[in-house]
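Okay, so chain A shows up in both of these, paired with chain B first and chain C after.
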Partner chain A sequence: MSDAAFGVSAVASVTLLTVLIGSFALRFSRTTSDFYVASRSVSPLWNASAIGGEYLSAASFLGVAGLILTYGVDMLWFPVGYTAGYLVLLVLVAAPLRRSGAYTLPDFAEARLESMVVRRIASVMVVLIGWLYLLPQLVGAGLTLRLATGVPGWLGGLLVAAVVVFSVATGGMRSITFVQAFQYWLKLTALAVPVVFLALAWRGDGSPSLDGTSAPTFRERTTVNVSEGTTFLVTSPVRVRVTGVLDGQPYAGVGLRLARGSHVAGRGARLTFPAGTAVPHAESIEPSAGGDWATPLSGAGGREHPLYSTYSLILALFFGTMGLPHVLVRFYTNPDGRAARRTTLIVLALLGGFYLFPTVYGALARLYTPDLLLTGRTDAAVLLLPQRLVGGLLGDLLGALVTAGAFAAFLSTSSGLTVSVAGVLSQDVLRGTVRDFRLAAALAVAVPFLISLGAASLAVADVVGLAFAVAASSFCPLLLLGIWWRRLTDVGAAAGLLAGGGLATIAVSATIAGASRDGWLGALLAQPAAWTVPLAFLVMIVVSMRTPGRVPPNVARTMVRLHAPEALPLRRDPPAHRRPV
Partner chain B sequence: MTEQPPRRIRIESPRRSAARAPVSRTRPVSHDIDEQTHVGEVYMGSLLRTQLRLAVGICLIFAVLLGGLPLLFAIEPGLADVRVLGVPLPWLLLGVLVHPVLIGGAWFYVRQAERNERDWVELVERS
Partner chain C sequence: MSSSLEGTSRAGHDPATEDDYVRIQQSEKFQELRRRHRSVVFPLAAVFLAWYFVYVLLADYAHDFMSTKIGGSNITVGLIMGLLQFVSTFIITTVYVRLANKNLDPIAKEIREEIEGADR
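And then the complex of A and B:
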C-alpha cells in the first residue's frame, strides 16, 4: 500500500531528525545545569521558535481544524485564546518571572512565599496539569499513526512516548531547545505549503461556498470505512450500500434505506453513500447544522449556554497559558527580563502566523471530509484533506508532509511537558541527579500513556482546553498575586491553589469521565474556568488578608529581584530554593 | 551575622548642607533599596505601580476589544451576515484580524515597559 509507505517515511524522518538533532546537541550538554536549562544561553529568536514549537501541540495542529469542522466559528476562540494567552503572560508575568530566577513553578512558589508546603502543592499541580496535557498528545499520536500507516492506535502513542523519553533523558533541555525550534518551522511549513495547493484545488472545483449555509452533505459518492464500531444518528432517511455489520446484521454489499434515528456500525464496516445525502453524525458529537455553523454563539453542537461557555473558554485560555508548566521553563533560558519580553513578542508573531492555517483546513474539511462527522474522528481532518482534495502523487506527498508536521507537534509538546514534569518529579520526589531525571522522564510519560489506552475517544482540543482551565484556576492567581501583591501569604496561596485547582480538577475529571454536558450543571463542569478562576483569586486574597502575620519576611527583597531592571546593581539575594547546580 | 564595620558619619557645617538643598542626600537611592528603608520602598513601589498600571491598562483594552466580541455577536446577530471580501465578518475578525492587533498591543507594551524601566533606573541613579 503506497499510502502507508508515504506515511511511514514521514513519521520515520521526523523521528530520526528529532533524535539526530537531540544527540548532536547532547555533545554540548555536559553539566547538570546544561541539562536542565541550556545554561541560559539561547537567543530570543531561537527561544521564541522553541516556545512556538513546544506550544503548538496536537490540539493546535489537528484539534482546532477538527473542532471548526464540527462546531464552526465559535471554535476560533481556541486559536485566539492560545495566542492572547501569551499577551497576558507578556504584560503580567514574563519579565518578573524571568527575574525571579525560578526554573519551575514550584521554585517560584517556594522563593516567593518561602514555604515548602506551597511548593509541594505547586508540584502536585504541575504533575497533574502536565499529565492532563500529555494525554491528548498521545491520543492524537495514535490517531495520526493509525491513519498514516494502519497500525493500531496504541502503537503510535507508544512510539511518541519512547522517542520523547529517549530524547529528554539523553539530552535534557539543551537538545530540546534545538529540537523544538526546528519543529516550529516544520509545523508551519507542514500546514502552509499544502494550503496553497488546497486553495488551488478548491478554486479548480468552482470555489464552492465555504460558509455552511446548508447541512454538511456528501459531495460525491463516498465510502466510509468504520475502523472502530460507531453509533451514529441519521437526521433524514438515507440510502446506503453496506458491507459488514450494521445494526447487528451482517451485509455483503447490499443497498439499504436507513430510517431516522440511531444506528450502530460494526468494526470494519464499509458504508457507501450516494452524492448529495446529508451526512449522519456520530452520537458523541452534535455538529452545528447548516447556517448555524457559520454563526457565532449558535450553541456549538448542542452545547447549552453558549455565551457562558464562550466566556469561560476565553478566560481559561487567556489566563491558563501562564500556568502551563512547560511554558515557564522556557523563560528561564532567556538571559534577562528584557530578553524575556522580546522573546514573548516574537512568540506572539510566530503563533499568529501559524493560526491562520487551521481555520482554512477546518472550513475546507466541512466541504470535503464531512464523513469524519460520521466516524467522529474529526481530528483527522487536517491529515486527510490533501489526499481528498488534491489527490494523486502530489496529494500523497502533501499528506506525508502534514503527517510529519502532526508528528512533530506530538513530539515537541510531549517533550516539553515531559521535561517539566520530570524536573518536578526528580527534584521534589527523587534526589535531583541526572540519573533521577532520566527515571522521572520515563515516569512522566508512562502514566498518561496508560490512561490514553482507555480514553481513545477524546477530542484532542477539548482535553487541552481542560488543562488550561486547571492551570488558570491554580497557577494564574499564584503568579499574578505573587508578582504584584506584597501581602500574599503562604496560607493564602495554599488555600487558593487547593480551592481553585482542586475544584477545577474535579470538574475536569467529571467531564473526561463522561459527565453529561446538559443544562447549567453540565456547562459549569465542562467549562469550569469562569467560576474556578475568580474563586481561586478570592480565596487567596481573603485568606491572605486574614493571616497578615504570615507575609514572608523577605518579601521586599523578593520584589526587588522580580521587578528591578538588571541594569541597576542592587542586592537581589539568590532564591533560597534548591537550584540545579 | 558578620561583624559590620561602624558606619562612617560625615560631619558638616549646617551652612554647607543648607547650601546644597533641596537634594541633600549623601548616599544613592540604590543603597536605600538594598537596605529596605522607607525611601527604598517608596522607589520600588513607584516602579511596581507604573508597570502594573501599564499591564492592567493593556489587559483592559484587550478585555474590551476581545471580550466584547461575543457580547457584540449576541446583541447584533446580523453581524454574522456582513461580508468583507466574501468572508463573513465574525470569521475575518476571529480568524485573521485578531492576530495583528495582538502583536501590535504586545509591541506597544514592550516599548512602554522598557521606557518605564529606563526612566526608573535614571531616577535611581540620578538621586
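And then the complex of A and C:
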C-alpha cells in the first residue's frame, strides 16, 4: 500500500512539474517563430541537455537494461548506436540541412526535389516513424504505472498521452526546450543516485559475479506474481508451490514438480521457487544462459545469425537517427555551425555518461530480478531493482525516484515526437493554423495509444530499434543523396522512399504482429536495415539515372544554399505560409 | 500548400539574385570549400564505420579474449570493450570538430567576406 503512495507521488510530481514549467515558459513564447523553433537563442549546454532530454526515451531508460538482463553484452550496441547516430548526423547531414532552411523532413524533400509528391511521401513516413516511436513510450508508461500503483496498464499510457497533448498544444517548442533540458538532468539523477545504493548493497551481498556462469537462477526462495498470464519454458524439472491457475488447473498453495517444456500460468497466479533453481523463461524470449551472457555475438537478442543481426542493428541505429523527426528540429536552435558542433559533442558526452547506468542495472538485474525472465516483462528491471536489492523505506524512496525518471522519459520523448508529427499533420493534412496544430497533436498521440492497447508485451527498446530501421531505410538515403548528389530526381527519390521505407515498414509490422524470429527469414524481418537501407539507395540511384530529365530545375541554387557558408545573404527561411499563424 | 510557384516566390524575396547563386556556384573558392568538405567528411565516415564493423568481427573471433576477467574482478573484457565504444565515438567526434573548425570554417569565412564585399 505504501508502495503505491510513493509511486503515485512520484508520477504526480513529475507530471505537475512538466505542466508547470511548460505553462510558465509559455509566457515567453510570443511570436510564431518562438512558438515553433525557440528562435535559435539557446546556449549549447542548454540545447544539448534538451536534445538529451528529448532523446532518452523509455527505450533508453527501461529498455536497454531489460535487453542487457536478457541477452547480455551484445545489447550494448543499442546505446552505442543511439549515441553514434549523432556523430553520423553531425558529420554528414546537420550543417547542410540547417542551411537548407527546412524545418522538417518533408520541407527538405520539397525544397530539394521541388515536388509535392515526394513531400507527401516524406510526410507519410514521418507520421509512420513517429507513431512507431510513440508506441513503446506509451507501452512503457503503462508498465511503469501498473508496477508503481497497481492500476491497469492502459491508464499509464492514457495519462502520458493526455499530458503530452496538453503541454504540446499549449506550450509549443520554446517551453519544450526548457522542459526537455530539465528532463535530462532528472533522468540522469533518477538512475545515478540509486546506483550508488545498489552498488553498496551488491558489495554487502559479497559482490556475486555479474556474468554468473550459473545464472539465471533464483538466488533465494522467490515468489513470482504472474499479474498477467504467461506461457513459460522450464529448462530442467523444478519444484514449485502454486497458488492460482497453472496449466488450466486451479491450486491453493500446493507443491508441484514441473516437467521440462512449456507451461501456462494464469492471470494472478503465484509461483514460489526454492533457492538455487534455474529460472524458467517466457516463451517470447530466449535469454542467453551462463557465460554466453558476457560473450559478444553468442546469439544477439537470442536470435539466430547474430553477426547479421548485429550489423543490421548498427546500420539502423547509426543511420536512423538522422531520419527521426524529433531529432532534426533541435539543430535549428543553434545560432551557427560551430555552436551546432559544440552542442553535438556535449550531447555525446551526456548520452554516453547516461548509458553507463542502464548497463549497470541490466547486469545487477540478472542477479536480483531474474524472475522477470519468467514473466517476460524485462523492461521492469530498472523499476524493481531498488526495492529488491536495497529494500525498506530507502528502497521505496529510490524506487519512487526511478519511477519519476521513467515518467520524465516518456513525457519528454513523447512531447518531442508529438510536436514533429503534429507539425507534419497540421501542415500537410490540415490547413496549418495553430488550432489545426492542436487537433493534430491529439491525433498524433491517439493512434499509437490505440495500438498500444493491444501490444502491451513488446520490449520497448526493440520497437524503438524498428522505428530507427524504418527511418534509416527512407530518410537516410533521401538526405545523403539529396545533400551530396546533384543528379537525384523526384522520381528516383519517390521510388527509393517507397521501396526502402515501404519494405522496412512491412518487415517491422510483421515483427510487431508476432512473426517468428527463427531462421534467415526471421532474422531478415526482425532486423531489416541491412537489406532495406542498401536497397533504398540502389533504387534511388538507378531510377534517378534513368530519369535524367527530371533533375529539379533549380538544383544549382539549392546546392549553393546547402553548401555555401552560413550567414551569406541568402534567404534560408521557409515561406511564411508554412508557419502556424 | 503550394508547389512549384514557391520557388519563384522565394526567389522574389531573396536578397541575393539568381546571378549571385551561379557566381558563387562557379567560384573557385566555393568549389574548393566543397572539395575540402568532402575530403574531410567521406573518409572520416568510412573510417568510423569500418571501426565499428571490424570491432564486431573481432569480438566474434576473439571469444576467449572477450570473456577474460579483468584482474580477479567479475567484469569481462567484452563488457569493458563494449563500454569503450562510447569513448571511441566521442574521440571520433572530437577529431571531426577539430578538423571542421580548422579546415572548413576559415575558407567558409573567406567566401562570405568575399561575397559580402562584392555586394557593396
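In the analysis below, the second predicted complex is superposed on the first by the 562 of 581 C-alpha atoms of A that agree within 3 Å, B and C clash if a C-alpha of one lies under 4 Å from a C-alpha of the other, contacts with A are read in each partner's own complex, and residues count from 1 in each chain.
Everything that follows uses one rule, which is that a residue touches a chain if its C-beta (ideal position, glycine included) is under 8 Å from a C-beta of that chain, and two chains touch if they have at least 3 such contacts.
This is a predicted model, so every value here is computed, not measured.
Peer 1: Looking at the superposed three-chain arrangement on chain A, would you call chain B and chain C a clash or a fit?
Peer 2: By the criteria stated at the top, chain C and chain B clash after superposition.
Peer 1: Pick one for A:Thr217: touches chain B only (first), chain C only (second), both, or neither.
Peer 2: In the superposition, A:Thr217 touches no partner, neither chain B nor chain C.
Peer 1: Who does A:Met116 touch here: chain B (first), chain C (second), both, or neither?
Peer 2: Only chain C is touched by A:Met116; chain B is not.
Peer 1: On the A-aligned overlay, A:Thr243 touches which partner chain: chain B = first, chain C = second, or both, or neither?
Peer 2: neither
Peer 1: Which touches a greater number of chain A residues, chain B or chain C?
Peer 2: On the superposition, C touches more of the residues of chain A.
Peer 1: Give one of first, second, both or neither to describe whether A:Val73 is in contact with chain B, with chain C, with both, or with none.
Peer 2: A:Val73 contacts both chain B and chain C.
Peer 1: Would you check which partner chain A:Asp428 touches, where first means chain B only, second means chain C only, and both and neither mean what they say?
Peer 2: second
Peer 1: Shared contact residues on chain A for chain B and chain C?
Peer 2: Touching chain B and chain C on chain A: residues 73, 76-77, 79-80, 83-84, 86-88, 90-92, 211, 294-297, 307, 310-311, 314, 338, 341-342, 344-345, 348-349, 351-352, 355-356, 359, 363, 484, 556-557, 559-560, 563-565, 567-571.
Peer 1: Quick check on the complex: what are the chain B residues that touch chain A?
Peer 2: The touching residues are 30, 33-34, 36, 40-41, 44, 47-48, 51-52, 54-55, 58-59, 62, 66-67, 69-71, 73-74, 77, 80, 88, 90-91, 94-96, 98-100, 102-103, 105-107, 109-110, 113-114, 117-118, 120-121, 124-125.
Peer 1: Touching residues of chain A toward chain B in the complex: what are they?
Peer 2: Interface residues on the chain A side: 73, 76-77, 79-80, 83-84, 86-88, 90-92, 95, 211, 294-297, 307, 310-311, 314, 338, 341-342, 344-345, 348-349, 351-353, 355-356, 359, 363, 484, 556-557, 559-560, 563-565, 567-571.
Peer 1: Taking the complex as given, what residues does chain C use to touch chain A?
Peer 2: Touch residues, chain C against chain A: 1-4, 6-7, 9-11, 13-16, 18, 20-22, 24-25, 30, 33-34, 37-38, 41, 44-45, 48-49, 52-53, 56-57, 59-60, 63, 66-67, 74-76, 78-79, 82-83, 85-87, 89-90, 92-94, 96-97, 100-101, 105, 108-109, 111-112, 115-116, 119.
Peer 1: For the complex, give me every residue of chain A touching chain C.
Peer 2: Where chain A meets chain C, its residues are 73, 76-77, 79-80, 83-84, 86-88, 90-92, 110, 114-116, 207-211, 291, 294-298, 307, 310-311, 314, 318, 337-338, 341-342, 344-345, 348-349, 351-352, 355-356, 359, 363, 427-428, 432, 484, 553-554, 556-557, 559-561, 563-571, 575, 577.
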